[in-house]
Amino acid sequence: MIEIIVVSTLNGVLYGMLLFLMASGLTVIFSMMGVLNLAHASFYMLGAFFGFEITRRIGFWPALVVAPLLVGAIGMAVERYGLRRVHSHGHVAELLFTFGLTFVIKEVVEMIWGKLPADYRVPGSLDFAAFTLFSSDYPAFRLFVLLVSIAIFLALLLVIKRTRIGLIVQAALTHPGMVGMLGHNVDRIFMLVFGVGVALAAVAGVIAGPILITQSNMAGLLGPILFVVVVVGGLGSLGGAFAASLLIGLVQTFAVAFNVSLADLFGSTAAGEVLSVWLSDIWRVTVAQVAPILPYLLLVLILIFRPRGLMGTRDT
Amino acid sequence: MRNLLTSTALALTVLASAGLPAMAQETLKIGYVDPLSGGGASIGQIGMNQLNFIADEINAKGGVNGKQVEVVGYDNQLNPQISLVQVQKAIDDGIQIIVQGNGSSVAVAVSDFVTKYNERNPGANIVHLNYAAIDPVLTNEKCSYWHFTWDASADIKMEALTNFIKEDQNLQKVYLISQDYSFGHAVAGAAKRMLEAKRPDVEIVGDEYHPLVKITDFAPYVAKIQASGADTVITGNWGQDLALLIKAAGQAGLDVNWYTLYAGGAGAPTAIKQAGLENKVFQINEGINNQGYGPAEERAGALMSRFSDAPVYYPRMFNMMDMVFAAIEEAGSDDPGDFIPKLEGMKHDSFAAGDEGFMRADDHQFFQPLYISTLGALEDGQKFDEEHTGWGWKMAAAVPTESTLLETTCEMERP
Amino acid sequence: MNDGVVLELSGLFKSFGATEIIRGVDLEVRTGERHAIIGPNGAGKSTLFNLVSGHLSPSAGSIRLRGEEIAGMAPQLINRRGLSRSFQITNIFPRLSVWENVRCATLWALGYKYSFWRSIDGLDDVNARTEEILTEIDLLDRWRTPAGVLTYGEQRALEIGLTIAGNADVILLDEPTAGMSRAETERVVALIRKVSEQRVLLMIEHDMHVVFDLADRISVLVYGEIIASDTPERIKSNAAVQQAYLGTEAA
Amino acid sequence: MSEATVISRSVRASRGGLTAYAIWLALALALLLLPQLFPSRLALSTMSLMGTMIIFALSYNMLLGQTGLLSFGHAVFFGLGGYFCVHALNLAGDYGWPIPLPIFPLVGALGGLTFGVLFGAVATKRAGTAFAMITLGIGELVVSLALILRRFFGGEEGITTDRTDVLSFFGYSFGPQSQVYYLVAAWCFISVAAMYAVTRTPFGRICNAVRDNPQRTAFIGYDMGTVRFIAFSLAGLFAGIAGGLSAINFEIVNAAQMGAVESGSVILMTYIGGVGNFAGPIIGAILVTWLQLVLSDATQIWPLYVGLLFIGIVMFAPGGIAGMLAMQGPVIAAGKLHRVAPYYLLAAIPGAIAVIGLSILAETSHQFSIRAAYGPSITLYSLPFDVTSPLPWIVGLVLAAGGVWLFLRAARLARNAYEEAIAGGAA
């Protein structure tokens, strides 16, 4: 029992931090621009492929710096020449624009790197088991992910809450006219924020690429879970996204560990006899079996009962 | 087919043409209905490549019954409904032979449609050649006279695999993990049933299902396998669900033997190499590279050197097309109504090693020798590595055709 | 229930976090009355309207409409009870035509609710009522124009049209003449006078000419409290009001 | 008051005007006669699919265009409608219930409505981004559950049926595609008319009001949540009809039909066609379905073109195709189309050149990277190219850059001409 709890907690935290790494840029963009970037996972994918390509040619560490810069530049161009234009048409248009972007980025990635998974590996310097717990190895690279996630979280908190840049950016969202009058270029601020947000996605791509699969369908597979994280956490709340990542990581991991089904709960009762006939399909479905869809259930429930999310401030 | 304007014009003329009956043609057209765009295109393109390769081969020899073979691709986007429209498009193009393989949902839809179409349009005689979909329903409850399949069904593969596994005396605890949909259940169900019969002493310590392509982190599952003390894992997973599972196992240092159905699929060898699971992952299929059979190596070598960016192929597709061409020549006609009787019961020396297999008339399932192999560093004399990893498949056991036979519940309606 | 009291606010409080905006407002508005609320910027006038119309929920206190407690009710429920309001910042349906704007506002009161089985163009009472309102607010010749492209003055008129279309007998107008030229203001004043003939009117207004021209009673709101509520004549001479506005003897 | 009566009368009359009847009559005739024009099997099944998609896209526009709700899970109702219909068909076939086939889309409608009510009660509590995310979550949940609840959903391969098993309808078995086409066409006509009618009701108008300014609707007596809920339920109903027709047309329903891809494609259809205009989704459904079937033969990277088209519409023509067409109304009314048209042509030519250039670039790089095994030769617009030579790249780049540059200039001229024509017309 202790083994299950310790191992599940550890795995849950590791997975949660991976999720936060991927979702942090999304929440940054939303909190400062009010735009839910549906193409976030696509930029994450671009980061992974750039990381793969640069790692192959130069090395992992340069890739960790160069790939996010490149993706950030692409993101800024997208904001400057695309998103800014549709901004005046309202939020639906912005959502749709980023939605359309997902198709285009996916096709472009397929044109360049093909549709098969890329052989993107963990760098040799981090490819060893950090420690062993209950006969399971814990790779050093996963700990590296954990550290990067926490570092990004702290750095973002610091920048947003404590620095002048953060204050200006937040003010620019609510009072763009006034901030403009105070001599700040609001357009440029938004462009930078978008660039930084997608660059964070690219950091996640470079790091998560070797752990997960680097393939042209990765954006479509990962996208929805990232939206779950930021919405459950509260749209635009960095702390919320952090908490939601951990929560989802833990919920999913613990659910996998338990093989409880309706049959186990009601199996021997009289009601069980009746229910097992009517619910034959879900009767034997275990919690473990549905673990990966629990986040979506959580999403729907939280939006019904606590529309702001865990720590959201805005009632969108 | 790559010309936008002409094909648009073509489509318009097809739309406008008054449903002319298929005219006698100088070419034998084969319709390939599989994903050619979107996420599934990576696998669809492999089949298309191979089919084109086979067509070029036979055309160089003068064609079939003097007709040149032409492969026409129809992009079904891995969507059953789009598939049916594309099949109708193929029929309008005068095609009677439909090749399709990816996705049980698509295969069931196409087989069902073709059967109904032939029933409602006597003389239409469209045949569905299936090279990959292995849901057992296709050769049991939903079998059809107009459907032939060349891949061994999940039940057959598991029958052969368990025959191999039961010999392993070190085997004590088995863990089953599969995707939570009909195929995954077919695999795990068969494994459980057959192991209980063949090795009652073996304990099944886990019977796990997880949602299809929804998992990003398999670490919790690996931890569970670790905790169960299993020495062997049997999985029906494919694609990223297999690759991620293997990767996570490698990272956690899980030391078990893996028995899989799809470790040969695109991406899996890369993951196995990354996880460092040398000679730990077994797969069962109808043939691998490095079997040392001359004709196969020559043909596969030519194919892979042409498509060097995706050097993957299906041995069964060679079996399929070789048999279909043979049946057509024997019948002297490329109308499926004429050549299907020749195909039924046909014996064929299988591509991989030349051992004999046959097309069972009862359910139109091709029975063939199956091979169990493991992936590891190339040894002397092995020519082919997988996905440029430097590792190749190595034979562990051969299962003769007789050991793969299974009963069928098919009650075929014949015209 | 007091005689003739239509709207009664008592002990009304509203705070946002630690900041109290409305601090114990008591107010009575009677049948046939044109009642104006004045007060310096930031006194809480708009907040008071938001509380009465259901846009905000009070922290404490009661709001009675013809004796019925409406505090904390949803806006649509209050509206259906015959209280309608306009907004200080023009708040119309920009993509709909002027005709449709007003027509939408008439529907609930005429009993059509969420009806999705009758043709709206065939509803003679709705069309007649819409025309009536458009005639009243003098926008009839602009009936096809999308509301979003009207001039500012026209939009303000439409705003009032939306407020009165539903046949509410208590109407709240939030700065109906804000930002208008002299001539426009005069037209609006005439309009307000006309539409308030059969109704109870409560309005916020900064233009003192308008206030003293229209109002039967005036309440002065300062820092969330009503410091005086009386006839225009007496308000003019009220010491507390003078102090609040002129700042003699800082409190 | 004289003008008042005039308006009232004209509003009343606009409801049953001769032109209105003429349009519906023309639509019915067109649906009736299309098979004479395009009698091939492919054409019939393509048109059947288009008819289904028209209903589906229009039902989606009840949300997006009419009520301002962006849903990422609308295919759920399409799929559930299909499942209900297919199960009803199978039951009717097994037990010999005397119900003719044309009635069955109603079962789909009922399924769509039931779940529209159920999920609508949850989702319409919120609007905007939160609503979009709830629908995304519901979509994911339903699709995942569909694979688990195999009895009802039939697992990955779905549920098949045979439409000819039920009672024949005046001697029609509905085996041949042409008969199915007429069934789809009839339901398409009924649904389009019904959905159009809904836009012309008090409820339809209030939906528009909620879309434009939700907060204000509360102050004219309406509960915006209820309005959204009814709109969501009705959209579910019509999506269910479309799903039922799809089930009859293809005789198979499966979980993928409820998935994100299907939900995404209805967004593409609706938006490309135009959300601001009732006819927009019809145009979009026809165009996108056609692209899906025909463009996919011409090129493997067709989703790239559709994605670019979509982004282009979002950025430059938020009214969609129908919106651009509707913009010509005032010009035609002013009798000045002949003055503007030459400018359109002037813009269209470099526009087409730019598209050709871009497609040459895309196809060349695609051949160069993905299809390298098929050799370097490629035929584009009937001209052979060698993708390893710089020629196609240069040609593509020159055409694309030159086309875009000229197009932008010509577009400016066209806009000026348009505005002049409009201003002149008003004066």
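Note that the chains take the letters A, B, C and D in the order they are written out, and that residue 1 is the start of every chain.
FYI, a residue touches a chain if its C-beta (ideal position, glycine included) is under 8 Å from a C-beta of that chain, and two chains touch if they have at least 3 such contacts.
Just so it is clear, the model here is predicted, and its values are computed rather than measured.
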Given chain B and chain D, the chains that contact each of them: A
Inter-chain centre distance, chain A versus chain D - centres from mean C-alpha coordinates, in Å: 31
Geometric centre distance via CA averages, chain C-chain B, whole Å: 73
Mean-CA-position distance for chain B and chain A (Å): 35
Between chain C and chain D, centroid-to-centroid distance (C-alpha), Å: 43
Residues of chain B touching at least two other chains: 41, 45, 180, 211, 214, 309-310
Of all residues in chain D, the ones touching two or more other chains: 144, 148, 150, 301, 303, 370
Where chain A touches two or more other chains at once, by residue number: 110, 114-115, 220, 289-290, 292-293
All pairs of touching chains, each written as two labels joined by a dash: A-B, A-D, B-D, C-D
Contact set on chain B toward chain D in their complex: 1-8, 11, 14-19, 36-38, 41, 45, 49, 74-75, 77-82, 84-86, 88-89, 91-92, 103-105, 107-109, 112-113, 116, 120, 135, 137, 142, 180-183, 185, 211-212, 214, 306-310
For the chain C and chain D complex, residues of the former touching the latter: 53-54, 74-76, 79-80, 84-85, 87, 91-96, 99-100, 103-105, 107-109, 112-124, 126-128, 131-132, 134-135, 140-141, 143, 162-163, 165-166
Residues of chain A defined as touching chain D within the complex: 36, 82, 85-86, 89, 91-93, 95-97, 99-104, 106-108, 110-112, 114-115, 220, 224, 227-228, 231, 235, 280-282, 285, 289-290, 292-293, 296-297, 299-300, 303-304, 307, 316
Chain D residues touching chain B - in the complex, by the definition given at the top: 37-43, 45-46, 49, 144, 147-148, 150, 155-158, 160, 162, 164, 175-177, 246, 250-252, 254-257, 261, 292-303, 359, 363, 370, 372-373, 378-382
Residues of chain D defined as touching chain A within the complex: 64, 68, 70, 122, 125-126, 128-130, 132-134, 136-138, 140-141, 144-145, 148-152, 260, 264, 267, 271, 301, 303-304, 306-308, 310-311, 314-315, 318, 362, 365-366, 369-370
